[in-house]
Structures are given as C-alpha cells and as structure tokens.
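Each structure below appears as structure tokens.
In the two assemblies presented below, chain A is common to both, partnered first by chain B and then by chain C.
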Partner chain A sequence: MASVELRNVQKRFDRTTVIRDVDLRIGDGEFCVFVGPSGCGKSTLLRLVAGLESVSAGSIHIGGEDVTAKPPRERGIAMVFQSYALYPHMTVHQNIAFGLEMGRARRAEIDAKVRAVAETLELTPLLDRLPKQLSGGQRQRVAIGRAIVREPQVFLFDEPLSNLDASLRVQMRIEIARLHQSMRTTMIYVTHDQVEAMTLADRIVVLNAGRIEQTGAPVELYRHPRNLFVAGFIGSTRMNFLPVRAEGSAAGVVTVGLPGGARLDVPVAGAGARPGEALTLGIRPEHVRLEGEGAALAGPVEVVEELGDEQLAYLRAPDGTLLTARIPEGARLREGQPGRFHLPPAACHLFREDGTALPRRD
Partner chain B sequence: MNGRALLARGGFALLLLAIGAFALFPFYHAVVTSFRSGTELFSPALWPETLDLSNYVQVFTQLNFGRTILNSVLVAAAVVGLSLLLAVTASYALGRVRFRGRGALMLTILGVSMFPQVAVLSGMFELIRALGLYDTLPGLMLANLVLTLPFTVWVLTTFMRELPKELEEAAYADGASPLTVIRRVFLPLLWPAMAPTALLAFIVSWNEFLFAFTFTLSAETRTVPVAIALLSGGSRQELPWGLVMAASVIVTIPVVLLVLAFQRKIVSGLTAGAVKG
Partner chain C sequence: MRDDDLGLARLRVRAAWLFLAPTLAVLAVVAGWPLLRTIWFSFTDAELIDLENYRFIGFANYLEYYEGEWLGLLADPAWWRAVWRTVWFALVSVSIEAVLGMVVALALNARFPLRGLVRAAILIPWAIPTIVSARMWAWMLNDQFGVINHALLGLGILSEPVAWMADPDLAMWAVVIVDVWKTTPFVALLILAALQMLPADCYEAARVDGIHPVRVFFRVTLPLIRPALIVALIFRALDSLRVFDLIYVLTANAAGTQSMSVYARQQLVDFQDVGYGSAASTLLFLVIALLTLSVVLLGRLRLGGESTR
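Showing the complex of A and B:
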C-alpha cells in the first residue's frame, strides 16, 4: 500500500514533448484512472510510474520514497498490459509464479500463493495450459493473477480490457472493481473508454496533449467540467455545444441569446460574462427535453436512432449546429419533421472563448 | 486431366529429377568411389561392384583420423557455443536497446562478412601470432568466429525485433533483471531461430579450410578439411582418391545427422498466444 506522487514530471522523446509538467498525488488505496484521447500521453505517464520509461525532468515518489532513478523491480509495482503479454512458453502456473521466482521465495511457498490466486480468479483448472490454449478473457485473468500474486504496493493497468469483446469487458470491469474493494491497494488504470473511467474510478485524471486538463471524482467531472475539452470528453454521449452571445449578466445569472432568437437565463456561480461576449453553451443530450421549461430551439429532426429503451434524436439548429437529445422511447419525433428541443437552464454549461468554464452553481 | 496438363506435369517432374541428379551425383560418386581401390578407382561404372571397406579402415588406422575429427568437433562446438552466446546478447542490444549508431553498427557487422576470407587472412595471421595462438585450436576458434558471427547476429537481431516488446516489459515489471529476461524469456522464444543459425555456424566451421590450413601446422591441431587435403598416397604421382572419398563420407555424416536432429527442434509459431490473437 502506498501513495504515488508525480512532481513536475516531463517526458520528451527526441524533440517531441509527450508529458508536460504533470503534478499529481494519488492517495494510498485510491483507484485513479488516466483517461484521454489516443496520443494524449496517458500510457506514457503510466509507463513512467512503472519505470519502463525514464522521466526527462521531475521526480516520481511511491510510498514517500523517491523512485525516479530506480528500475521497475525496485518500485513495488505490478503491471497488466493491454496485450496481456503472457510468456508464451510458460504454463499458466509458471506465468503466475515467474514474478515470485524473481524474489527469494521458497518453492512450496510460491506454489501455495499461485494456487491461492488461481482459486480467486477461477484459473485452477487451467494451471497447466499454455497461453495459446486460453480464451481472451482467461488470458486477461492470468495477466491479472500474475500482477496480484506479487502483492505489489501499486497496480498499474494499461488499457487491460480493450482487447475483449463487449460483454466480457463489462464482466472483467466488475471483477477489477471487486478486486480493488477486497485488496484496497492503490491502482492506476489507463483507458480511453470514459465509461470504464466513470464506473471504476475514485478519481479521474483527464489528460490532453500531455497535460492534465482536470482531476476529480467522476461525478464532479460530469457536473463541473473545468473546460470545453473535459466537458466534451466525459459523458457517454458527447455534450452538445452551441455558439451563443452573452446579452446580459446579473448576480448569479447570465442571459444568453440562442441561435434563432430565443433567450435563456443560465445560473452561474461567481462572476458572469460581459454583455456581447461570445460564449459556448453546452448541454448533455440526456438533459435535453422535448417539452417543459426553458427556451427552445426549433429545427428539422434529421435522424432518429432507436436504442430500444430510448432514442437518440438529431436536430439541426437554426445556425446549422447538429444537436443530440436522448429521449424516452415512443417520443413522437419523426425524421424530416420539425421538432423543438428545450434546454433546462440549470443543466446548461457556459464556456468562455478560451475554453474555460464559467463556474456552475449546485 | 487432359493431355496438355499431363505433359506439363511430366516435364516438371523431369526437371526436378534433373536438378536432383545434378545436386546429388557428386556425393553419390564420392560414396561409390570410397568403396574402391587400386585401378578400380578409374572404372567408369556407376554402381559399386564390391563393398570394399579397406579405405575406411585405413583412414582410421593410418592417419590418426580420430584425433582430427575430435579437433574439428571441438572447434565447431566452441564456435557454435560462442557465436550463439555473443549473438544472443548482441541481438538484445541491437534489437532492443536504442542507442546512437545502431544502424551503422549493424551495417559494419554485415560489411565484415562481405570481405573474402583471403583479404583478412594475413591480418588475421598477425593477430593470431601476436596472441600466441598460432597452431592451437583456440586460435582456429577465434578465426572461425569472424565467419559465423555476422550472420548469427543478423538473424537473431531480426528475430529479436519481432518479439513483442510487452513481453520484455512484463518481465521487467515482474521484477526481472535484463540478464534474467534474456535467459528466461528471450532464450526459449529464440529457439526456433537459434537452431538453424547454430546449424549453419556448425557447418561453416566444420567445413572451413583456409584458416585451418593457414593457422595450424602440426598434425595434432589439424581439422578434417585440412587433413583430407593433405592426404597423400604411396608416391608423389598417386592421389589416394579412395581414401579421400572415404574420409569425406565420414565427415559428412555428422552434418547430415545434425540437420536431421535439428529439423525436429525447429518449431515455428512458438510465440502464438503471447499477445492478442
């Protein structure tokens, strides 16, 4: 058990800077998820913690100890790779035992530990098989077994579920969550799938172009994204963005003019916006209503996607923006017909031109 | 099958037969000749009339051939062992570690193998004498490494690059040191590449003539190819063809056996199942 601390960490490959000044403290026992688009540096950051890459500047501390210059084996970490990376010439038993054999453990002790881990991961009947005789899910469990048998201070997961099919992924996600509950070990988990991030994390770190955009609990990022990038990245269907203009600003309220002429009073915390300032209004598809309070946008409904229990409707706003709404099944919207999307003011986000969010109330 | 296709197949079979005959006839001729002696040697018959083993007996009784074979085996085994040891460690560095001048180094290694043996002969001679290895087996081993290392390093480096990087990283994350990674992870996975390269290195060293001829003097350090070349008959005018052929057949057998043994070891697709797929 240990905390992980990154201090002003930078990483350059030749001349490209991949990680810029990352400062982060992950608490003991915390489940921290690095999330971001591909190429944002999240895997590199994880590999820096693992010691598979060396930092160009800054320092890394695990359990209060500076491990910046130490090789992986002295960092007390265990890592699960996206490709599983099982040793193909070793049986499941040998794969799991490999890490223990690197230490000074005795044979009988190793065997007992391997069997205990295999038991919890339901791998006991497979112990004598080679990796090529296992299914994807089984390989993934072996990879996890190989990590937990070493009882590391910190678990590192590098997109462990992205090679699995959808149903297996959900199942393994639950197993990993259960694992964290029972072990209470610090875990760092890299993914590009924000559903995994939302469901697993105690804390999410959103990365973009080598920088931390925001860190916080999943709900906090969902409710209070600090900028346009985070707002667009977090949420299972992407947030709608509309260009608007501030028309007035009173205490705790900014009045904006929507495309098509309607006005909306959006509640904000703290300072408002200058009248005439160009803003971006954001609203999540699940908050858009077909009727009720708030100003509405009218336009033709272009596509309706049926998801079974609900629908995704796409409406062309007067300024040409395509807006998405998640609406209950059976709503009477028809493709090609005119429709109206209501925007409840309390659910709206406002962003300045530089992308930063106006703080919201609740 | 129509007539045309039949004709094409027949023609192809004939072609294969011709190529096979061309490749195998010299060896066949050697075997047949090794059973002959005296004036029989010059008989144009294609089949052996008698199975005369006197040449074989003579090779071992008169020529101290056992010692010569032992020399060859020692040299070839040492060359194979050293080549593989050096090539595996070198291929790890060349295939896995990023460093400046890696490409240039690879090209140099390849370039070395392009020089004809004669070109390095005199320099090598000076080197071996300076090291005090003239007329010794270690000297010969050192010289033969020059011939085997370039291609063993190249083959293993290419193969090493194909191995998934995550395997190595997983081993590091599991707490292994670089040497352990090579020994426990890479070595077993490199087997399919190492078996044929070892075999090639063995054959090169086993058949090497020029270095062995130049760097050894006494009969005690002679290797097989040199010993065969130095075989002489009862008089200056007589070349003992029967003896030469018997000796050649004897030294070919280990190579053929090795090929057969290694053939089963060359397992492909050992890496299947390591990563996705």
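Showing the complex of A and C:
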C-alpha cells in the first residue's frame, strides 16, 4: 500500500500538450477515479503513473519515493486494461501465473497463489480454459486476478468495464468495490462513465482538456460543482442550464430574472453578483418540480420519455432552451400540451460568465 | 422453412462451383495435364528427339533387374546424392532464413526514423529475378575478377584467391548464401505481417508486470506468430526442394552440386531421356509431397482450422 503523488506533471506528444500541470495527492488506500470525456487525458495520466509513458515535466511519487525515472516493474503497480490484455495462447492459470514466474518463486508457491486468487474471483473451474473460451466478464476477472496475484502497492484500472454489457458492468462494479473494501489497497480507476465514478470513488478527479477541473468526494462534486463543466459532467441526467440575468443581490441571496419574466431568489454563500450581470442558472432534472414553491417556467412539453418508475419530460422554455425534468410516474403531462416546471431556489446553481460557480450555501 | 434453407444452400454451392470453374479449368490445363503427362512418360522409353514413338516399359525407369544388376533411378547413386544434397540445402537455407527473417522482422517492427524506406529497401533482393541475382553473385564470386575475393584479399583474410565454385562443398555454401540473401526478405515480410497483428496491450501488460523482453519473445511473441512462421517456412521449404535456377546459373551441371531438379533436367534435356527424366521429376514431386505432408502433420498446423484468438 502506498500513496501516489503527482507534482506539476506535464505530458506533450510532439507539439500537443495532453496533460497540463497536474498536481494531485492520492492517499494510502484511497479509491481515486479519474473521470472526463474522451480525449481529456485521463488514460494518459494513468499511463504516466504506470510508467508506460514518460512525463515531459514534473515528477511522480509512489509511497513517498520518486519513481519518475523508473520503469513500470519497479513502481510496485499492477494494471488492468480496457481490452483485458490476456495472452490469447495461455490458459487462465498461465495468464495469472505469468507475471509471478519472474520472481524466482517456486512452482508450488506460484500455484498456491494462483489458486487462492482464482478462489476469491470464482475462477477456479475456469483455470484450464483459454481466454477465447471465456465470456467478457470472466476475462475481466482473469485480468483483475492477474493484477491481484502480484500484490501491488497500487492498482491501476484503465476503463476496465467499458467493453462489458450494461448488467454485467453493474455486477463487476460491485465486485471491484468489494475487492477494494477487502484489500484496502490504493486504487486509481479511469472511466468516462460518471455513474461508475460516483459509485466507486472515495474521491473523483474530473479532467478536461488535460487539466484537473475539480477533485473531491462524489457527493461534494454533485452538490458543489466548481464550474459549468463539472456541473454538466457529474449527474446521471445532465444538469439543465438556463441563461439568466442578475437583478439584485442582497446578503446571501442573488435575485435572477428567468426567461419569461419570473424572478427567483437563489441562496448563495459569500459574495453575490453585480446587478445586470449575465449568469447561467443550473438545476438538475431530479430537482425540478411540477408544483410547489419557487418561480416556474411555462412552455409546451415536447417529449415525455417513459422509464417505468419515472418519466423524463422535456419542456421548451420561453427563450428556446430545452429543460429536462425527472418526474414520478403517473404525472399527468402530455406531449404537445403546455406545462409548468417549478425551480426550488435551494436546488439551483449559479455560474458566472467565465463558467465558475457562485459558492452555494449547502 | 427447411426447404427454403436447403434451396438457398444449394444455390450457394452452385454459385461457388461457378466461381471456382475458371480456376479449376486453368489448373487442369497448366498443372494437371503436364503432371499426368510427366507421370505417364515416366513409364515409357520416350526420347526428346521423337516424342511420338515410345513404348510402355512399366517401372523399368524406376527399378529394374537386368542381367544380374539393379538398374533404374532408385539404384542410381547420383540420384540419391542429388536427393540428399537438396534436402540438406533446404534444411540449412530455410533454417538460416527463419532466424535471419525473424531478426529482420523484429527490427523492422520497431519504431525508428525512415522505417518505411528501410522496409521497402529490404525487399529488393526478393524483387530481383533469380536468374539476374544468381548471375550477379556468380560474377561477385568469380575466382579471378570477383569483388568478394578482391575484398577478402584486401582485408588480409585470404592469402590467395579462392575458386568458390570449384570445390563442391564451398559451392553448395555459396548457393546457400545466395539463397538466404534472396529469400530472407520474403520470410521477414510474412513474419512482419504477423507481428503487426499482435495485440499491443499484451506487451504493455508484460511491461507493467516486469517480464524480461527475451522471455516475452519466447513465451508470447513466438507462440502467437507460429502459424505465420510455419506457413512461411513451408513456402520456403517447397521452393528450396525444387531449387533449380540458382544452382544451374552458379555451377551449371556440375555433378557435385546437382539438386533433384538439375538432375532431372540433365536426364531429360541433355541426355534426351524423357522417360528417365520424367521418372526423376515424378519422384521429386512425391518427395516434396511427402515432406510437406509430414511437416503439416508434425507442426499440427490446422490449415483453415480455428484461429488462436
């Protein structure tokens, strides 16, 4: 077990800068998830930690030791790849044992370790099979087994579940979470799926264009996104954004004018906004109400998506923005009919023109 | 439903035969007919000067007991020497080509500046017709005017010029060297193609796990490219068992370097003995067929079988 520290890490490929000044400390035993859209540099960052790529500037420390110039095998890491990276001509047993045979361990010792790992991952009946005879989930478990058996200080996962179908993904997600609970080893996990990030992470690192946008616990990112990007990225249904104008600002409250003329007093912490300032109001679809307190937006309901236990309703606001609401099933909204979306002030987020958030009270 | 399926299957089979028909017709004319004719001639006493008049003489060209003596191809020590010489040549040259081809392919698979240019350049020996390259090497190996003797003398490695083609052992090695020079690019190209199909992530996994590159080569790379390697070696083995032009240009009909093909040609053309020459050609065909079959069986190569992935 070990902490991982990145200090001012930069990575350039030719003239393209992929990682810009990343500073990050991942605690011992922490489950840290790098999340971001494709091309944001999250996989590159993981490969830098692994030593599969070398940094252009800055340094990487694992367990307090500078490993910047060290090859992967001296970093005490194990990695699980998106494509599993199993050796196609070796059985499950050979795949798991291959990384151990280097260490001059005795055959019986290796066999015992492989069997122990296979037992935890329920791979025992499959030990003599070839990868091509396994399902996607089983292959992924073999890849994880190959990492576990080496008893690394740090586990690296590079989008390990993205090649699995949806139900298997949920199942494997739970297995990985269970694994972390039992092993308590530092894990770094890369994904573009924010649900995986929310459910697995002790701490999420949101990356965008090679920069860290925000780091924090899942709930913190959900409640207090630091900027528009994080607000839009975290949350399983994307946050609604509405252009608004600040009309007044008192202690702890910013009054904004909504499209259509209604006014809303949004609670904020600290400094408010200048009157007349153009802001963006954000509200999550699950916080939109069909009735109740707060100002409302009226407009035609364009589409209602039935999800069984709930519905997603899309409403065209007076300024043309399409707003989404997650509403309980049975709500009487009809496609093409006028509707009203209420915005509870305490659930609203405000962002300045440069994208940064006004701090929220809770 | 079943009737429809069967009808569709029958239609597909018919289409397949239709597409195969031209190939089969051409094969029958250019391969099947000459082969059958050669086998037929091997049972006759035909002569090149008059191919219309011949008698069927059974296996006399192969083996015959005549006035207390065994005669025929199977009793001819010159034929057996040609057989063993050809097999030796095939084994030695194909082994060297496999090792060198692997080295070249691994080098060309690495990333370095001007790789495309080097990949193209390495193919040049393979692109030159054998007659031309054999002639070129014959001049280079010439005992009096050859550049090789000149260079070796200049470097002080030789004290007097060597007549490379005069000594049968030296001459066979010269033939091997020229063959290796010419066909290593072919082997390298096939291996390179296989190398490029290898899963890159397995190598990264091996790097992370700290497995030594030499071990990765023998435990991962070699098993994964084995099918391609065996195909390349079968191609090369067949070619080298039939070797003719290289030896004919370098040493003509010299008895000490005759391969099976050169022997057959000598009987058939120089000695005008079409029956006997055809018998040699037929045996050559059988030897190659048997060797190929055993290689395929021994290598347990599942041609057209399941792939490794």
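Quick note on the criterion: the second predicted complex is superposed on the first by the 362 of 362 C-alpha atoms of A that agree within 3 Å, B and C clash if a C-alpha of one lies under 4 Å from a C-alpha of the other, contacts with A are read in each partner's own complex, and residues count from 1 in each chain.
One rule holds in what follows: a contact is a pair of C-beta atoms (placed from the backbone, for glycine too) under 8 Å apart; a residue touches a chain by one contact, two chains touch by 3 or more.
No experiment lies behind these values; they were computed from the predicted model shown.
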Based on the shared chain A superposition, would you classify chain B and chain C as clashing or fitting together? clash
Which holds for A:136: it touches chain B only (first), chain C only (second), both, or neither? first
Larger contact residue set on chain A - chain B or chain C: B
Determine, under the contact definition given at the top, whether A:50 touches first (chain B), second (chain C), both, or neither. both
I'd like to know which partner A:252 touches here: chain B for first, chain C for second, both or neither. neither
Going by the contact rule set out at the top, does A:77 touch chain B (first), chain C (second), both, or neither? both
Look at A:99 in the shared chain and tell me whether it touches chain B only, chain C only, both, or neither; answer first, second, both or neither. both
Under the stated touch criterion, which partner chain does A:275 make contact with: chain B (first), chain C (second), both, or neither? neither
Chain C-contacting residues of chain A that also contact chain B: 50-52, 71-73, 77-79, 81-89, 98-99, 102, 132, 146, 150
Residue ranges of chain B in contact with chain A within the complex: 164, 166-167, 169-177, 180, 184-185, 188-189, 270-276
Touching chain B in the complex: which residues of chain A? 47, 50-52, 71-73, 77-79, 81-89, 98-99, 102-103, 130-134, 136, 139, 146, 150, 156, 163
Could you pull out which chain A residues touch chain C in their complex? 50-52, 71-74, 77-79, 81-89, 98-99, 102, 132, 146, 150
Please give the residue numbers of chain C that touch chain A in the complex, ascending. 199, 201-202, 204-212, 215, 219-220, 223-224, 308-309
